[in-house]
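In what follows, subunit A forms one complex with subunit B and a second complex with subunit C.
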Partner chain A sequence: MRTHGNYIFRRTLRALFTALGVSLVAFLILHLAPGDPVKIMLGPYATEENVKALKARYNLDKPLYIQYFTWIKNIFTGEFGTSIRYNRPVSELIKERMGPTLILTGSGLLVAVILGILFGTLAALKKNSILDYITTFQTMFWLSVPSFWLAIVFLYIFGLKLRWIPIAGMTSFSSTILPIMTIGLRQQAWFARPMRAEMLEVLSQNYIKALKAKGLKYEKIIWKHAFKNALIPIITMVALQLPWIIGGAVVIEVVFSWGGMGSLLVGSVLSRDYQVVQTILLFISLAVVAANLLADILYTLIDPRIRIER
Partner chain B sequence: MRVSKTLWFILIILLFVTSFGFAKKDTVVVAMMQEPSKLDPITYQDTVTDIVLSQICDPLIEITNDGNYTTDGSILENYSISPDAKVYTFKIKKGITFHNGEPLTAEDVKFTYESLMDPKLGSPHRKYYEDIEKIEIIDDYTLKVYLKNPNVIFLATARLRGHVLPKDYIEKVGWDGYQQHPIGSGPYKFVKYIKGQEIVLTANENYWGKKPKIKKLIFKFYPESASVVMALQTKEVDYVIGLSAEDFKMLKETASNVLNFGTYAEFADHRIAFNKRPDCIFHDVRLRKAIAHAINVDEIIAVSRGDMAIKAIGRIPNFHAAFSQDVPTFDYDPEKAKELMKEAGYPNGFKTKVYVASSAQEAILEAQIMQQQLKKVGIDLEIVTLEWGIYLDVTAEGEAPMFIENWHASGPSPYSFVEIWHSKSGWNPIFGTYHNPKVDELIDEIKVTIDPKKRWELYKEVQKFALGDVVCIPLYWPIIGVAYNNELNIPKELFNAFRIPHYHINEWSF
Partner chain C sequence: MGTLLEIRDLKVSFDTEEGKVEALDGVNLKVKEGEFHALIGETGCGKTVTGLTILGLLDNNAKIENGQVIYKGIDLLKLTEKQLQQQIRGKEITMIFQDPSTSLDPIFTIEEQMLEALENELELTKEEKLKIITEELRKVKLPDVEELLKKYPHQLSGGMKQRVMIAMMLSCRPSLLIADEPTTALDVSTQAQFLKILEDLKRETKITAIYITHNLAVVSEICDTVSVMYAGRIVETASLKEIFLNPQHPYTYKLLHSVLGIETDIEQLQEIPGSVPKLINPPSGCRFHPRCEEAKDICKTKIPKLQEISDGHFVACHKRVMEWTKC
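Coming up: the complex of A and B.
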């Protein structure tokens, strides 16, 4: 007989292999892409000798497979290599950047979940009302405008014209409001629409009708029974956002001068800072795998209807 | 009783507001579009790092507004060059101290030279120092640098990239330690570096030179130009380094109520470079000439920079003594271009490519105008935009027939404008290879001609020969626009190619 424990173990093992595969692909794409980190760093007028010396310093003169295995081996000892661009350990760089990113994406996601669930539920309860139409319209709106454009427009209105909030940086509380709201408003649309659909679906179920027939209070039916059940798929959707929380909101970080993982990743890709890009990609791929795993596990735990097969 | 209480209240509020106002004036915020790679004075390659370190450290020698050397504002008391241009003697001012209180002596200068020459440290400027035979310390404040060959342009190198470093401190904390907390003898002291955000500096109260008028200096990083332009208008930022010509124009039209504006010509040029290797179509000088006649430079400048550029005649900018009016120029003449093409065996035109870096917005625009202009004479031009890293590789390997380049000469010497044409220059293959014995000879002569007047004549001569071969097509000398907080005072004389406002922040005031 298969148990939950067994299932989770097998899923975890598979997930780890997936992550390893992703790391290999990331490594190869990066190293096979044109552009040489050392030449970019030294500029167009570098001498051959300087290039060689620097390559040796960062082990870039070794064959590719040796570079890959050294990297993987070092990861298990907590060593992520040295950034060529910053000349500092990658782990240090990531430690510095992770905090700001978690604040930004974490709070953004929180705002998004609260708003999304709120709008979705209200739209479902007042189906075909003006509120429902407004929700449909606003979610379509946020999903279709690019976040880059949105960020600039927000800056223009609230920063430049109204002067309520500083333009950029992360030095004060008020400067965090705009980036978090930009993320929150866009992301809530992702949750509001499925939430509405789920809620409607649940409300049309027989057991809800039965509860109504039993004479239960309307509020109780909605919040205790329908809402709780409709929330399950949303929880897994939130879990799937995990990689993005770690990877950072690249565009938002750049526009708001937010020194997080996203802006680190962009800068590192442009300068072909292999070790940094590899490590961030590995983190993100681990997060993707972990998020999927988490979503699966949550499903089996929350919803008894899901059976484990094979 | 009540009235006086209200009065007091108002007074306190007023006091608070005004003191807050004054408190802001203690700090100047300078925006950078890029974050410094690392505060390593030996290996850095980016301008933004250079700018930060230049506030912390002092140069060995300074440059005047007209591109001459001066000891004013530098750590030197005086200097002399031997008649054969092989021995440079430097005498250092007494009483200069580093931020940690230790005196700056000849040992520190020697140490800085040796660090730049050390292959293990890997300075990208190392080859400039290869000419040094030995460095001799005469006493605590005097040293002599002996060169292997006569070299009159050595003073540009002698500046030590603008940063004289503290020997004892670096030997104690190591190079990594220095990057975490750089010190020097300059007008501002390092306080902290918040990665991805800002670098905070504070005025050096004991500065030996022009004491900073503004107490606190913050460099903030704004990777997105739209954000930085808005931050400038709300005065969240007082000054922007690297404002584009387009943003400058826009701000001048819309924000003159809160901003001041200034411009300075750069010691740089913008040009079209050719691959002249035998396997490339532009090996044939007639075809290079045809391109020169087929493009309308005035039109290119008008579209890409408007009045933020001066049309180039030769390569060396017109504010320098080595500028020459008398170099071959090629007027816009499509008919002549067609004739030349016919002569070279391409009566019906040909296909070719121009390469530009994708980050160089202006160059892309220029390539597009070129494309239209060349179409008129039957040349089918393909524009290849590549990301900077790939662009460097591809152009250096001779894959690009033509490319648009922005060249910054390490002032005040115009040497690097012409040195790339020397057969033995390391840059020669990068810019498409070029060999002309006469040009080589003239460049060699420049290096040993001590009399500046004679030297400037040689520069003029070299340009005449090389540009006669259409080694490249000079387009323009860029003018840089600076927009800054209108409460900020920046001395007029800093708006100059050799001084540059943000290299002398200690002279700014509110």
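Coming up: the complex of A and C.
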């Protein structure tokens, strides 16, 4: 029988290979796309020599595979290259922008998970009640509106009309509320619906009847047994939703002028700032791979069937 | 022996998409203290519904239309969900189910789930509780109990799970056990083992049981009294011996003769013509009359009452009761 440690080891190995593949795609996608960063930088009237010199400076004159391996090699030493647009080390730029993005996506995810699980569970426990219908309606609503539209409407209502919250920037605590809620409210809908379905599914299981037959308290049956069982598939849902949350955050950062990695990414793509774009793509992909790995490990902690069998 | 549980004229219906299903239509049942009472009948005749009704475990689409379930002088149908949980389930009456593979919560250890059965015993320490559950698990002949307690349900075989279930339910010391086809999902050799355990328990603990099954062989092994159900009604109740040697209701007779036994000298296996009626639109009068070779006009219109024709032998059949009163 394979042990728990073995399982985690194999999962980690798999995650590493995925990360490597992802780095290759992140690299190629950009280099194969049309557009030349040096020409963008120097403008249409640049001389042939100037273009050449600049290309040599950023290693852009070497074959693709050399560029890729140089990049990978440098990653391990913490060298992410230099931004063409800002003429500063990419690591510095990312260090500045990482914090705001983590605050935005982390808090957004937290809000989404808490609200989603809460609404889903209550809707299942009070099936066919007003609360259940309201949950169905509100989740359908949030799922149907695109996040950029939602962000603009929020800005209009709370920022311009009611003037409760500053409309842009990261100046105060209150300025974080709108972007976080834009992510949180939309994403909770993704968790509330499956949570409701899982909870109902678990409640119809035989062991719930058996727990009742042995005289266990209702609260214990619901919160200890049903809730914990229903939560297992939701862990995967959260991991799978992470790319969408990050993707949504990019748009939201731009709308709210939030100085995070998302707005940096958009600006860098437009100016073909290769080094910055590929580093951010790599970071985002690694975050997603890590989240999936974490979900796999969390699984084993909560579900004994996976811990021992596979 | 006194009566421990009496079901009087119980009617239960279900709201389904196809319409209202009259699952139980006037069930009358008396379970005496200390006996193993078999509830036998074909799939869908209402055996399980009867068991679930006693414990108040019916699904939301079920409706109790009429009747009483008197247990130790209390009508269980009048109790609230909270009262049932605090006073009845586990402590007085408990139930084990057909499929042991789904009867245990997959993500908790056997120990955790066994201890829950003793949760209301506040005066016991954890060590004392552990001692009790270890003893109970030994009683059902489970090997390596200490190791077993640390295991999760999926690491156990079906037979072991069913033994854990019965040990769990018995550790709360109930007076009445409802066993809903506990051996149906087990293979034949495990079945025999499980029945042996039940037999021992019966001898040692003097527990009363309602044993729901469609398996006559199982009934003959451990039951004292047999009630035969057909389409939501009890058609005959008698001692085990009476049922096998002197079956009165035509359905009981057919049921016995549709099974092959080594000892019986039935020459040919007989099937009961027709099939079990749909309870959405059940036959009028005696629900068995469309399949009964002896049916008379009265059987089509009047519902036969369960009547005692000899000591402890009840039958619900117009023809039999008439014959009996004549002589």
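Definition applied: the second predicted complex is superposed on the first by the 294 of 310 C-alpha atoms of A that agree within 3 Å, B and C clash if a C-alpha of one lies under 4 Å from a C-alpha of the other, contacts with A are read in each partner's own complex, and residues count from 1 in each chain.
Here is the rule we go by: contacts are C-beta pairs under 8 Å (C-beta built on N, C-alpha and C of every residue); 3 or more make two chains touch, one makes a residue touch a chain.
Just so it is clear, the model here is predicted, and its values are computed rather than measured.
Asks: Fit or clash for subunit B plus subunit C once both are placed on subunit A?
Replies: fit
Asks: Which partner does A:K209 reach: the first (subunit B), the second (subunit C), both, or neither?
Replies: second
Asks: Considering only the touch criterion stated at the top, classify A:K228 as touching first (subunit B), second (subunit C), both, or neither.
Replies: second
Asks: According to the stated criteria, A:K217 is in contact with first (subunit B), second (subunit C), both, or neither; which is it?
Replies: A:K217 contacts subunit C only, not subunit B.
Asks: Examine A:R57 and indicate which partner it touches, taking first as subunit B and second as subunit C; both and neither are also allowed.
Replies: In the superposed model, A:R57 contacts subunit B only, not subunit C.
Asks: Go through the superposed model and pick first if A:L160 touches only subunit B, second if only subunit C, both, or neither.
Replies: first
Asks: Between subunit B (first) and subunit C (second), which does A:D132 come into contact with in this model arrangement: first, second, both, or neither?
Replies: neither
Asks: Who touches more of subunit A, subunit B or subunit C?
Replies: After superposition, B is the partner touching more of subunit A.
Asks: With the two structures laid over each other on chain A, which partner does A:E79 touch: subunit B (first), subunit C (second), both, or neither?
Replies: Neither partner.
Asks: Between subunit B and subunit C, what is the shortest CA distance in the superposition, whole Å?
Replies: In the combined three-chain model, subunit B comes within 47 Å of subunit C at the C-alpha level.
Asks: From the superposed pair, tell me which subunit A residues show up as contacts to subunit B and also as contacts to subunit C.
Replies: none
Asks: Taking the touch rule as given, give the residues of subunit C at its contact with subunit A in the complex, in rising order.
Replies: Checking each residue of subunit C against subunit A gives 52, 55, 57, 81-82, 85-86, 88-91, 94-97, 99, 102-109, 116-117, 119-120, 152, 154-155, 165, 168-169, 172.
Asks: In their shared complex, at which residues does subunit B touch subunit A?
Replies: Listed in rising order, the residues of subunit B that touch subunit A are 35, 37-38, 40, 43, 45, 119-120, 122-124, 126-127, 176, 179, 194-198, 220-224, 226-228, 230-231, 233-234, 236-237, 387-390, 392-396, 426-427, 430.
Asks: Applying the document's contact rule, which stretches of subunit A touch subunit B when the two form their complex?
Replies: Touch residues, subunit A against subunit B: 34-37, 39-47, 49-50, 53-54, 57, 85-88, 93, 96-97, 100, 152, 155-156, 159-160, 163, 166-171, 254-260, 263-264, 266-267, 270-272.
Asks: Sort out for me which residues of subunit A touch subunit C in the complex.
Replies: Per the stated touch rule, the residues are 205-207, 209-218, 220, 225, 228-229, 232, 302-305, 308-309.
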